[in-house]
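The same chain A turns up in both complexes below, where it pairs with chain B and then with chain C.
After this line comes the complex of A and B, so read on.
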């Protein structure tokens, strides 16, 4: 095997293990035996069909938000606002589904909602890209702030126009089954959205590596000046990349509202934007790698939830964020380790050549 | 009413000033401290825990500074010595900090039936000065942390522009090779600056828990670390700009809180005022034309070898 790929697999594996072990150490503070708890959670996750399905269920929106970050990252742009674009998608998904519920057949409705969420997220993203290309606004800041603005908009709508008929909580009415994404595996919550996510990830890979648009995006990312000299309109690329990125994040809103929650609730899935970023980094922004990294994060999520429900141990659900945070930190460090190993190999090679 | 609004504005500006001044110094050396949100949060948590367990706000503030320092040193190690991406590392640390605080809050206090409270820092009217009409009650009837910030502004300005340390810091951000050739360790300068930013960020966090609310919640910071980060950009990497930017934001936030308390006057929904500081950031980011970005901002320095 190629030494580089071997490094990649070994260091990533060690990084993930280190993250999990450190989370285990943290559990000791609660007076819990981490090995027993982790073992129990892992056993339940693998043995129970419903829980196992949840791993992929949780991975689905993360694939989208990770792709969203990766897409702009390839153009050396930062879309930190996937959370907001996701919320925008979720708002549109809930509003449109409620409006069309019962009017259209399931399949047609889902396609329309899917396209509209894509556009909704894309518009937010495209707006950021436009501000970047037209006014040279710092996209990092604008996208970061856009999340808070969309969040306020969502809270406002949930309090007024989209509020449930009962008028009790800030949430929408529940969608009827006609607007649900069909289940993929009976006996689980896993829905077709996961297939959509995998297909989209493959599509993004093709788009980035096999089309001229993808080439332009990557060219702008690796050297803006050189790509402009060769006639690429970098401003156009900014807008396109950001539109696509926002659209990808918006799709997460579709799968979460129509596939999982079946309504729009205040403050749901608050961490998927930043977790998406972590996943994109874990996978080195490779769309195919993102699928696997998202499944890993999904598994961490499910295990965290299982631990929280275990009788007698009382583990808070914030253990999920801790696990994800630790894993991310160690994965980042593993980049450094790989760089170091690679460097050492090169040096040895040169020494050998010189010695001859 | 105006006086209390302005006094409130100044109060809300205090943590942003700590954060943005720290960020200005750090970014002048080429380091974006993207972990600032996490540093704020850890500061808020550390401050609360220290204050609650000992009953002494001073211990809380020290604890907050220490927590900020810890996050900053991890951030510094990874971004400076391991040369990893600053935005990415910061995001990871922000997630970690959020998990850490809520987790250990639970470890320490379980699930309390009533919210845990400490007494927020009292306002200390400064004798004589606080008697000045209007200005006195705005400027000199604040808490301890705000007074520190008054001192900090000139100190940071002078340190950055009038001392050799400041020159070194600025040169590190513009031309690290030259700094290296002059025999100064680039990484060391950057690391020190990041540690300093960590301490200041910790203080900023402490302001929210110890200085103002007297409690800790998971969303106590709610993006204000990022606003401090944004102010540094908008203030053109200049302490003066940071002060002006902070006051604008502090005032917006005070108006926002005031308008929410009177129900938006019936014309605007509360959410609009909640979003106001963030909208303002976007508008200002778009409106700013000439940025004076430190040349090596966000770029790790490595010697040719």
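After this line comes the complex of A and C, so read on.
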């Protein structure tokens, strides 16, 4: 147990460092001193209130998509389609908000939109779970491809029913303030959605570890055969877990549309599904750990942005994605390294027992 | 050259994380010999053969061919040495034709199908196989598919053929034909290794027998120097002790608890796993099922517990037909089940003891308070079980994998005894345990019998069967060889029944 936590901390730390160092090497090739630039970006991020608020703002949707991945991961399933479920939530959030804008008071409207996005994402997720349990379809592939289906649907709607009144760009009209999620910290863009994300993460933790439903999800994930032998219907668990996973990803659509963009734009936040996957693995699928890992990724994102805009040095803004990509690759590698270490430890233990 | 063994394995060990699969395995294979590798399920037979075939890498030890050390790291290396293995599950491409399957991996560039088909056809003729070379594999029977597998090995000029449980999927007639081929093949100076746990088959076809138990070799004997009782003793590990009459009073007039009628289980196109099985278990009775493991015992348990659905027949509990009920309902009716593979079917190793104790009753309202799991009550319940069953564990919050095998088994037993209010199905409940734990578990079983529960006890330990059971059925190849009162049987008779001989005359004539 102790050795496992030690592995987790060390490998993750090394993975993040390796990602940052490798992006530093890329900066050297561009003729930029990485240490100076990283230092400058870190200083600005911590000193400037608006930028500091952005760290948590960026972390908010990542918490949701990471929870989405973690939730099915506990049932030994892979939901790679958080991006699509997020878009579905975003479509519903924008459509419903525009419809009810000014009709309902702000608070009531937000609650209704929140619940509907949750259901919208959940239906996409539940469908994947249904295909898995009914036809034994590979949930990995189905969930991955579902993203493109939802993306196509979104593009279609943005050119037709949801197209802005001006009719210029594939985007919706802007929501009026009556549909905005209230700001959390004045002088920043940070909104109450971050609190919602933290509360939901805590809720997911309680659901997984304190209720009998969560118990059954974990049981099926750890040992499907023993669970079925114990009267647990694993197929039902698949559908439930996928519905909830999709619902969590859908919520990210709510906070992004009503909290940040205040409209639906084509091709926005393209990377949060895959980033969520990396965050969940970084946090070992622990809902509370996900909050912190998402904040770390939020910080990386903000720092990358700052570096791209830094006066005097010529850093392409794509360095953000590069840095995140490197960190993610190493984090995912570290997961397999941990698996290998654990296996080796067990093997050594048994060799010792046999030798006696 | 002639005195030198064809292949020799020296001190081979293989460790998987958490299990020792093979430890210090050494034996030889001679030319022209049929070697049987005998042992119960999980004794490590398949593992050692997969090492020889290059599918697994040994952690320790050496392999020699005709005195020269060889490094076999993948099946291709093995094939070059003339070793070929036929797995339990065939490695054929169903959508391809017989010829395509056989030449797979051994042709380059443009394929001259006519020539290949002719080659394959001739090869089949040499060994007397009747195989349509142009037919698709998916259209063939299992028995013919196996011939295609064998032909594939022959096409590669295999001189050592390893067959993993080859008769498991065959009818008796097909088995006979296979045995004929084996004799024919070895007469030409080739060798065959048979992996099996069926004593009868071994006596029929093998020249020499390696007996394995718990990952080690525990016997290397010539067939002519041994008999089935000696072999089963080697295989099971303990001397078969004289029957002990169960000291409890008989419960004659009790009501029927479990009733199994004409139950048959068969996967499409395969030999049946259970054949027309009927029996009753009364309240307050221990009904034993003896037999070499792998003869359908596990399937019978799962059919009773609801994990497998029967093709034919009915199962009823206390007069109520439960054939169509699912596992969850049957648990609620009061059936407890201790599975043979506790790691796979009984426990969730990375969950705590308390969580494992509620596995069977996860739908039960008694664990829920205000929508959450009542941790305090569950912990109390687990502590009680730890105390009552003398489980050596620091507390309800330790993970199941931290316990020894015997204590893990006690956790399952505690849970199932409490859940199985009417019927307890125990599949080899003392397998792999030390004497203290065995005694403990036997005491519990007898106590539950006195309470009036019905107990179905499956065991490969004859001593256990004789010590505990009121009535005994012997299982062989998915059917009952008969149901006897405990007194009517002795070690010799039950041994013959276990080997598939229905009476002594038949055995004598063999």
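FYI, the second predicted complex is superposed on the first by the 320 of 356 C-alpha atoms of A that agree within 3 Å, B and C clash if a C-alpha of one lies under 4 Å from a C-alpha of the other, contacts with A are read in each partner's own complex, and residues count from 1 in each chain.
Keep in mind that, in the parts below, contacts are C-beta pairs under 8 Å (C-beta built on N, C-alpha and C of every residue); 3 or more make two chains touch, one makes a residue touch a chain.
What you are looking at is a predicted structure, and each value in this text was computed from that prediction instead of being measured.
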Touched partner set for A:335, first chain B, second chain C, both or neither: first
Partner chain(s) touched by A:230 [first = chain B, second = chain C, both, neither]: second
First (chain B), second (chain C), both or neither touched by A:271: first
Contacts of A:203 with chain B and chain C, given as first, second, both or neither: neither
Between chain B and chain C, more extensive residue contact with chain A: B
Touched partner set for A:187, first chain B, second chain C, both or neither: neither
Touching partner for A:102 - first (chain B), second (chain C), both, neither: neither
Partner chain in contact with A:159 - chain B first, chain C second, else both or neither: first
First, second, both or neither for A:346, with chain B first and chain C second: second
List of chain A residues in touch with chain C within their complex: 206, 210-212, 215-216, 218-219, 222-223, 225-233, 342-343, 346-347, 350-351, 354
Residues of chain C touching chain A in the complex: 15-20, 23, 302, 305-307, 326-332, 337, 339, 344-351, 355, 358-360, 362-363, 367-368, 371-373, 375
Residues on chain B engaged by chain A in the complex (per definition of touch): 74, 78, 82-85, 87-89, 91-100, 102-104, 106-107, 218, 223, 226, 229-230, 233, 269, 271-272, 274-275, 278-279, 281-282, 285-288
Of chain A, residues touching chain B in the complex: 26, 29-30, 78, 80, 131, 135, 137-138, 140-142, 144-146, 148-149, 151-153, 155-156, 159-160, 271, 274-275, 277-278, 281, 316, 318-326, 328-329, 332-333, 335-336, 339
